[in-house]
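Dumping the structure here so I can ask a few things about it.
A, B, C and D are the chain letters, set down in written order, and residue numbers restart from 1 in every chain.
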Amino acid sequence: MNPRVTVWNEFRHEKSDPEVAAIYPDGIHATIARALGEHGIEARTATLDEPEHGLTDEVLDATDVLVWWGHLAHEEVSDEIVDRVQNRVLNGMGLIVLHSGHGSKLFRRLMGTTCNLKWRESTDTEVLWNLAPGHPITAGLGEHFIIDQEEMYGEFFEVPTPETLVFVSWFTGGEVFRSGACYTRGTGKIFYFRPGHETYPTYHHADVQRVIANAARWAAPEYSAVQKFGNPGPIMVG
Amino acid sequence: MNPRVTVWNEFRHEKSDPEVAAIYPDGIHATIARALGEHGIEARTATLDEPEHGLTDEVLDATDVLVWWGHLAHEEVSDEIVDRVQNRVLNGMGLIVLHSGHGSKLFRRLMGTTCNLKWRESTDTEVLWNLAPGHPITAGLGEHFIIDQEEMYGEFFEVPTPETLVFVSWFTGGEVFRSGACYTRGTGKIFYFRPGHETYPTYHHADVQRVIANAARWAAPEYSAVQKFGNPGPIMVG
Amino acid sequence: MNPRVTVWNEFRHEKSDPEVAAIYPDGIHATIARALGEHGIEARTATLDEPEHGLTDEVLDATDVLVWWGHLAHEEVSDEIVDRVQNRVLNGMGLIVLHSGHGSKLFRRLMGTTCNLKWRESTDTEVLWNLAPGHPITAGLGEHFIIDQEEMYGEFFEVPTPETLVFVSWFTGGEVFRSGACYTRGTGKIFYFRPGHETYPTYHHADVQRVIANAARWAAPEYSAVQKFGNPGPIMVG
Amino acid sequence: MNPRVTVWNEFRHEKSDPEVAAIYPDGIHATIARALGEHGIEARTATLDEPEHGLTDEVLDATDVLVWWGHLAHEEVSDEIVDRVQNRVLNGMGLIVLHSGHGSKLFRRLMGTTCNLKWRESTDTEVLWNLAPGHPITAGLGEHFIIDQEEMYGEFFEVPTPETLVFVSWFTGGEVFRSGACYTRGTGKIFYFRPGHETYPTYHHADVQRVIANAARWAAPEYSAVQKFGNPGPIMVG
């Protein structure tokens, strides 16, 4: 069964930078949502400048997995919405954080660290190595795939050790990066996926699209009835 | 899509011990295969005394996930079949090891340790606590379930640290045990699940059956094209 | 080389509750600091009602490992001090969080989850099982130790999966709990240790004291020169 | 306190290949033992062609940590000695496996997988990135170090997921590799460290030497009294 996905984008670069608009005329979110559709997954979109950033309770009630792209405007996301989304994740909603979303309030909140890293906008090629063959997120991929030009992200990446390290990237300049990383927080599954600088056509890349679709299926919630707190009487009586 | 499961049993207790035969008249394997069927998963069976222990290449070609129950006769399993099954697991076949299967050649081979533990056949009750709500193996379960009478298994359990610790058991006598443990070896997924002493009707327990069915779906192989060795030329040329 | 430890306590129960004062006349912090001293580790103390909660930059400059006990007054800890201590941990200071400290702003911030759990003040006995023999935190311990009376904490404990699960507790009432849990955040090491309800003499227990002393040595910082962010030029030039 | 280390080497390349002999005139083992000495750690050596491969019970009784280098002659190591060393590791002896030791009987036995990988002898430069700042094995290192020429090892490396991933290597040809990996098996600690092809002066590299010395201290046994199996009576009586 396919999850119901909401793709969230701050949607600012596309409006102010013609170079980005040329690559993503309807916004990064539209490109990703369309790609999910081609993988058989229905996706709606939401953006920063909508009321409640497009993330009303009604929208989240109908969202199994949220995809997040942000960069320029992390601080414009209201704490109230961050609280709301964090709470949803802890209670089972899947979350896929893309590229510069590493610096979002939401991701930093869920990780407990700065999520800082090194970066360089240059002429690097990126090779993503599949370190988790057999994992649902790598289904249908080969042992590596190449993105001809991308922004470099380098270690040390200040995040908790991933529960599963799915990809490690190689960059021309000599750097490596943990580019695909799985976490569980509460009952929610989180996947961080590195590629996607706004000035490159990364979200048009077939393998990148496949990874996001696979991750959406992996991150969809499973339901078990676990109460997380309380003050119960004993189960066993001696 | 449901995996094709083969349930393997050494099938000796049931023939020699009337107490066990009363609980599992057709063998533990038949009870488990029937339960999988009720969960919509087709399962065949194989037993120690069949030619090649019932695990021919033809059978394994049609097996996505193998379930393993053994106890008295671990040493009668031929090294050739252990090699064959280990190789299948490393190349993607799922494996569910039940109860006393912790001492099997196959599980010890895949773990690299003795897999020793403490045990006691007595009047213990077992409470299994769900430590991985949100994980596919606990779908549909509550926060714990109880087996009124079971053999005690106690720590220290000499296995590698599980990648995911799904259940921890409580026993009346004061012991705890890591009762549900996930591993990846090569591209294959392995789940160890503790309950199932032959003198108790454990495999008739609805929650135990649900766990095995969930684990079979979780352990089913995902296909990606990864070559594990070789002597390739460079991908990037400076 | 022994770390320099600061033991922080909110120090409220001891002033208002004669039952607690009878067990810890100088405060929980004093008992723990004294025990560390007996293990050869010098420890100072700090408490909530001191200026800056006793955690000035001068104090933290001289602290390799911080021990934290809080319960009633989590919300009285100022966000500024939480920011300061979190930043120290991410840059290498060790942190040992005790018992009800699971609900502190600091621990919740570093974990990214609610850190909720179940609890019961009753007549439970606690058996702590050593699941990490060979780990520095269990040096000198046996396979388990018993606390005759303690508050029960039960799963599900909403924290990220521990990097190392050191102890699991058994309680009379049928519950289990992940009672000793290691994390790394940034370059800092964190150990959560469950025991220590204020109405029981838990911090006078020899094995509890040994665990805290071992954990202090384990959590002491190691120094390597890693820059966590920046915008560097390439290392390799093709 | 410093561990007592034994450095084991198959010591064949150095006798048959003048190029290797020029780099390691007394053998790889002698170079490593000397480097450990310069880090304040006393090390003895043992080699394949000694009786019992130099790994008698007397030698192992005086060994806290064993370092292993092998390549050409993995199959000449007797199963009896592999059994003996595996048993020592499961009971607390540290083990550092270097470079082509990934293919040794001992390492494959402890991992439960083939430990296969990709390789290329060419003109690659290796950059090792520190992914575990704050870990004892990286004490005193910077964020990366460079080996000007080395054999390439590439993913997929068929080993269990490391408990701690300490280093990831970058190679000129576009590959990455998990070059420093920690495991616990039984009560023993294991560190796999990639560099060290016999035709390059890798073990004369100051950072490589520092890593091996740090790893020896990290892998030294901690003593706790845990019985791994048995059939005990209950601890708690209801």
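Here is the rule we use: a residue touches a chain if its C-beta (ideal position, glycine included) is under 8 Å from a C-beta of that chain, and two chains touch if they have at least 3 such contacts.
Everything numeric in this text was worked out from a predicted model, so none of it was measured.
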Taking each chain's centre as the mean of its C-alpha atoms, give the chain farthest from subunit D.
A
Subunit C onto subunit D, same sequence, C-alpha superposition: rotation to the nearest 5 degrees is 180
Inter-chain centre distance, subunit A versus subunit B - centres from mean C-alpha coordinates, in Å
33
Just the number, please: Cα centre separation of subunit A and subunit D in whole Å.
37
List, in ascending order, every residue of subunit A touching at least 2 other chains.
127, 130, 133, 143, 156, 161, 163-164, 170, 172, 174-175, 184, 186, 226-227, 235-236, 238
Write out the stretch or stretches of subunit D touching subunit B in their complex.
86, 90, 109-114, 116-120, 122, 124, 154, 156, 158, 160-161, 163, 172-175, 183-186, 226-238
Applying the document's contact rule, which stretches of subunit D touch subunit A when the two form their complex?
127, 129-131, 133, 143, 155-156, 161, 164-165, 168-170, 174-176, 178, 238
Quick one: which bits of subunit C touch subunit D in the complex? Just the residue numbers, please.
92, 125, 127, 130, 132-136, 138-144, 146, 163-164, 170, 172, 184, 186-189, 221-227, 235-236
